[in-house]
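In the two complexes that follow, chain A is the common piece, with chain B as its partner first and chain C second.
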Partner chain A sequence: MQSEATIRRAGEIPVSAAARYNESIHQDTTARLFLASSITYFFIVGIVALVIAAKFVWPQLMGTIPMLTYGRLRPLHVNGMLFGWLLAADMGLMYYVVPRLCGVRLWSEKLGIATAALWNVIILGAVVTLLLGVNQGLEYAELPLPLDVLVVVAWVMFGANIFMTVATRKYTQMYVTIWYCLGTILWTAFVYLTGNFATLFSTGVNQANLNWMYVHNAVGLIFTPVGLAIAYYFIPKTSNNPLHSHKLSMIGFWSLAFVYVWTGAHHMIHGPISQWLQTISIVFSVMLLIPVWAVVYNFFATMRGQWQQLRDNVPLKFLMTGVVFYLLTCFQGPMHSLRSVNAIVSKTDWIPGHAHMAVLGAFSFFAIAGAYYVVPRICKTRLYSDALANWSFWLFLIGGVGFFVTLWLGGFWQGWQWNNPAIPFIDTVIALEPVWLVRFFSGILMFGGIVTFAYNILATMLGPKGNQSQAALATA
Partner chain B sequence: MLRKADYSAPVFVAAALGLFFIGGLLTTVVPPLMDKSWAKPFENSDAAKGVTGKLQPYTEQQLQGRAIYVREGCWYCHTQQTRTLLADTKRSGWRGVDAPISTPDEFVYDSPHLFGTKRTGPDLSRVGGKYDEQWHKAHFRNPRDLVPGSIMPPFPWIANNETEFQALVAYMQTLGRAKNWRPDNDYEK
Partner chain C sequence: MRDYVYPSVFFAYFYFFLLLVGAIFFFLRSFKDGYWGHDGEEAKYRMLSDDESPETPEQHR
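Presenting the complex of A and B:
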C-alpha cells in the first residue's frame, strides 16, 4: 500500500504522520453506496442517451408516446448524467479521498449512508417527474421545487460530513484535492441557490442571466473543481509520482475561484442582453485560460519521465486522456465566446460536441479512473478484469472522439449555412442527417464503454473478496 | 498570503467565498440595476423612433399554451431570440422585410424565459402570425407531412386535444408580436 505522502512533494508532509497512518480505519460504506448507485444510473441513462440520439435519425421513433418524446427524454438524459451519474460518483470518490488526505476516518458514516439514500430518492423522483413532463423550464434546473429542496438538504449533509472530517484532520496542511473539494461544496451551495431559487423571483432577461450564471457555473464551479480534486489525487497516486508544483496548483485554484463566475452571459452573446455584460463575459472567458493551463501544465509535468506507465495502467489512461480533453474543451470555451466565432458556432450542433467533451471526455473520465482505482481497494479484492477495463477505455475513447469530431465538423458547417439566409432552414436540417447517424453509432460505442465499465465494477463489488495480494502484485 | 489558506480552513473559506462573490454580485445583482430595459415592458407609439407596438401581459389561455411548450420541451430545439446578426434578422423576416432584433423589454413577462441554447429547429422569436391554425394542427400531427425532411417529433396528443391545441397556438401567435413589425398588419390567425 502506497503511503498518502507519495502524492505530495517530498518534505511537505511530516514522515511520522504518514507512518502512523493506518488504512484499516476506513469503513467506506458511503463511498461504496454512492459509487454503486451512480454507476447503475450511468448505465440506465446511457440507454436514454441512445434513444434521443436515435430520434435525430428516426424522428418518428416512439413518437406517439408522450412520456418518451424527445422533449421529455432530453432533460432526463442531462439531469440523469449530471446528477445521477457524475456528481454522485464524484461525491462517492470524495467520501473515499478526503478522509485519507486528512488521516482520519470519515466524520460520520451514518450521515453518509443517509445522504446516499436521500440522493437516490432525489434521482428516482427526478426520473418520474421529468417523464411526466413536470419541468420548470430552465436548463439544468428542470426539477420541481420539492426536489430542489431535497438537493439542498443532501448537499448540506454532504458538506457537513466533509467539513467535519477536515476539521478533525491529523495532517495540518490541506492538499490541493481538499481545497477543490471544499471549494466545490461552498460554491455549489450558492450557484445552486441562484439557479433554482433566485430565478423564481425574476423574469425575462434578468432570469436568463441568473439561469446562465448557474448553468455555466454548474460546469465551472461544480464539475470542474470536483473533477480536478479527483485528478489531483489520482494522477500522482496511480502513477506513484509526487505532484510537480504546489505553487502552480495554487495559481490554478485561486484564479479559478475568481474568474469563473463572471462568464455566465457568454451564453447570450449577440442576444437580447446588455452589450457591456456580454463584453465582460468575453473578457473573463478568455481569462479562463489561466487556471486551465496552470492545472494542465502541472499534470503533464507530474508525468514527466513516466509516460511509459500509460501502456498498461488503465486508470492513468483515463486520467491523462481526460486531461487532454479538459485542455481542448477549455480552449474551445474561450474561443466560442469571441463574437466572430460565436456568430458561427452558437446554437449549432458544435455545442453538444463541446459540452460532451467536458462532461464526458474530461470529468467522467476522471470519475471512471477514480472508480477503477477505488472500488477494488474498498472491496479488499482485485478488479474483476483488467482486460475488460482496457476495452472500456478504448470504447469510450473511440466513441467519444467520433462523437465530438463529427459534431464539431457538422456544427461548424451548419453555422456556416445558417449565416447564408438564402439557404432554407430545412436544407440545413437535411444536410446534417449523416452527422447525426455517425453520432448515433459513436453513441453505441460509448454505451459499450459504459456497459463494460459498469459490469466490471459491479462484478468486482459483488465478486469474491480477498484477492488483495494479487492486486498488490499486479500494481507493483 | 494565500499560503495561510493551506493550513487554516476558516481562512480558506473566507478567501474562496470572497473571490467568488466579487464576480457573482457584479454580474447578477448589479446588471438589472444598471440596465432598466430588463424590467420595463416594450412600448413605442412613435414611428420615427422605430418599430411601434406594446408588450401585453399573457392571457390565461396563452399561459396555458406556454406551459405546454415548457412541458413538451419545445425549447430544447427552438430558440426565441433574433440576435444582432444579419442572418437572424433575415431568417426571422417575412416577404423581404427583416425582422427587428430582439430586445430585453420584449421578454419582461416571461417566466420561465425561453431564449434557448440550441436551434435544432428554426428560431421562433418572430413566428407569431406566420402560420394559421390549420397549418399548426397538421404540423403537430406529423411535421413531415408539411415539411419533408423535418426531424421535429410528432405531437398527436396535442393535435387531438382541442383545449391544449388552442392554448398552444394562442401562445405561438404572441411570439414577436409586441413589435408590430410586419407591414399592413399581415399576420395569420
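Presenting the complex of A and C:
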C-alpha cells in the first residue's frame, strides 16, 4: 500500500484526502469532451462502415456519386475509427487516469480543452477532405499535409499536458499505466512523423517500406501501448483486485519497447525488399510473443479467484474479452510473418479480419470498458442503463466473432485460390460474395453494439445528475 | 530534381535510433528508481485507492 516514503512533496492535498471530504480535485472537463466527441464519431463512422460492407455485396449501391464511392468512404472509415473514435477515446481516458495515478490535478485543464477543440477541427477537416477526394494515397496516412501539421500541434499540446502532470506527481514510482501512456506519447510522435512526412519524400520500394513500418507501428506503438495502459488501469479497478505482478508488467513494457519497432517489414514479405530485412522482421515478429505473454499472463493471473465477477460486471466483461482477442491477434501476427503462412494469407480478407480483431476486438473493447467505468464517475451519476450496457457487450461480441471468423475463413480460401494460376482472378472475387454477405450481417450486429453503447453513454452524460454518494455506487 | 529517398529513409531510422537510445536510458534508470527491487510492487496497491470518491463496499464489485 501507499507508504510515506513514496510521497514526494508535503503540503499538497492528496487525492485520498480530498476523497475523505467528499470533494473531487479533478475537473475532468477535457476527459468528458474527448469521450463525448469520440463516441459520437464512433456512431457516425459506424454508419460509413456498414455502407462499405454493403458495397462489397451490392457494388452498385449509391451509384457513381464520387463522394459515396468505396474509394472515398474506405479512408474515411479507417481514419474516422482510428483517430476520430479510438485514439480520441483513449486520449480522454488518459486525461482521466493519469492525474489520478499521479495524485494531482491535470496540469492545465484549459490546454486540454483547447486540445479537444483542435482535435475536433482535425476530424471534421478529415471528413471534408477525404470525402472530396483530397488524399495523400498512403495507407493510414491519407490525411492531407495541413491536417497532418495540425495533428502534430495537437499531439504536442496533449503530450505537454500529460508530461507536465506526471512531472508534478506525488509518487516517485509510476504505475505501469503511466509508463505506457508516456511511451504512447513519444512513440506516436516518432511514428506519425515518419509515416506522414518522411514517406512524402521517398519513392518506390523505400516509400512502401517506410509506409508499412508506419502502418504496423501505428497499431503496435500507438494503439497497443495506450490500449494496454487502459487495460492495466481498469482491470484492477473494475475487479477491485491488485494486479498480479508489477514487475512482470514492466518486463512486458520494456520488451514491447525494444521489439515492436522492427516488425513493419513483414508486410512486404515476398515483396521487392531485401531478404535480410524480411528475415529481421520475421525474427522480431516472433519475439513479440514475449511482451504478449507477459501482458496476458498478468491479466489472467490478476483475475484468479475473481472470474465470478464476469457475471454482472460489464466493463470487466469487455476488458477480459478484449484480453482474449489481444492474445489471439498477437498470436496470429507472428504466424503471418512466417514466409509459408504469409504466402497464403497476405493481401487477402484474412488481414482485415486480423486487423479488426486488434483494433475493435481488443483495443476498442478496452476503451468501451473505460468509458463505461469513467463516464458515470465524471458526471457524478449512475449509468443510464445496466441492461443496455449488457446488450452492447453481446452485440459487439457476437457481431465481432462473426466478422472475424468469416474473414479468416474467406481470406484463407481466397489465398488458396490466388495460389492456383488456373483460377481467373474474377472468379475468386465472385466466390467470396457469401463471405461478404455474412460480414455485412455481422456488421449490423456490431453497429447495434455501437448504437446501444453510444446511446447509453450520451444519455448518462446528458441525463439528470445524482449526488456524490450515488456516483460512488455507480459501478457501470 | 533532387532525390530525397535516402535522406528521408535515414531521417526515419535516425528517429528510431533516438527511440532506442531513450529506451535504453530509461530502462537502466528504472533499476535506479527501484522498479525491480523489493518495493517494485508498491504501485499496484496504491493505484487501487486513487479514486476521488469515498470508498463504499458497493463501489467495486
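Here is the rule we use: the second predicted complex is superposed on the first by the 443 of 476 C-alpha atoms of A that agree within 3 Å, B and C clash if a C-alpha of one lies under 4 Å from a C-alpha of the other, contacts with A are read in each partner's own complex, and residues count from 1 in each chain.
What we mean here is this: a residue touches a chain if its C-beta (ideal position, glycine included) is under 8 Å from a C-beta of that chain, and two chains touch if they have at least 3 such contacts.
Everything quoted here is computed from the prediction, not taken from an experiment.
Asks: Output check: A:M213 vs chain B and chain C. Expected answer is one of first, second, both, neither. What do you get?
Replies: Once the two structures are laid over each other on A, A:M213 reaches both partners.
Asks: Who does A:I25 touch here: chain B (first), chain C (second), both, or neither?
Replies: second
Asks: Given the touch rule stated above, what does A:K347 touch, chain B (first), chain C (second), both, or neither?
Replies: A:K347 contacts chain B only, not chain C.
Asks: A:T238 contacts which: chain B (first), chain C (second), both, neither?
Replies: second
Asks: Thinking of the overlay built on chain A, is A:W107 touched by chain B (first), by chain C (second), by both, or by neither?
Replies: neither
Asks: If we overlay the two complexes on their shared chain A, which of chain B and chain C does A:F318 touch? Say first, second, both or neither.
Replies: Neither: A:F318 stays clear of chain B and chain C.
Asks: Thinking of the overlay built on chain A, is A:T194 touched by chain B (first), by chain C (second), by both, or by neither?
Replies: both
Asks: In the superposed arrangement, does A:R377 touch chain B (first), chain C (second), both or neither?
Replies: second
Asks: After superposition on the shared chain, which partner residues are touched by A:Y70: those of chain B (first), chain C (second), both, or neither?
Replies: In the superposition, A:Y70 touches chain B alone.
Asks: Share the list of chain A residues that count as touching for chain B in one structure and for chain C in the other.
Replies: 172-174, 186-187, 190, 194, 198-199, 202-204, 206-207, 209-210, 213, 250, 254, 257-258, 261
Asks: Which residues of chain A touch chain B in their complex?
Replies: 55-56, 59-60, 63-64, 66, 69-72, 74-75, 133-139, 163, 166-167, 172-174, 179, 182-183, 186-187, 190, 194, 198-199, 202-211, 213, 221, 250, 254, 257-262, 264-265, 267-268, 270-274, 277, 280-281, 284, 343, 347-348, 351-352, 418-421, 425-426, 429-430
Asks: Can you name the residues of chain A that touch chain C in the complex?
Replies: It comes out as residues 1-3, 5-6, 15-16, 18-20, 22-26, 100-101, 103, 171-177, 186-187, 190, 193-194, 198-204, 206-207, 209-210, 213, 233, 236-240, 242-243, 245-247, 250, 254, 257-258, 261, 309, 312-313, 377, 468-469, 471-473, 475.
Asks: Note which residues of chain B are touching chain A in the complex, please.
Replies: 2-3, 5-7, 9, 12-13, 15-17, 19-20, 22-24, 26-28, 31-32, 34-35, 38-39, 70-77, 79, 81, 83-88, 90-91, 101-104, 106-122, 143-144, 147-157
Asks: Please give the residue numbers of chain C that touch chain A in the complex, ascending.
Replies: Going by the criterion above, the answer is residues 3-9, 11-12, 15-16, 18-20, 22-23, 27, 30, 33-36, 39-56, 58-61.
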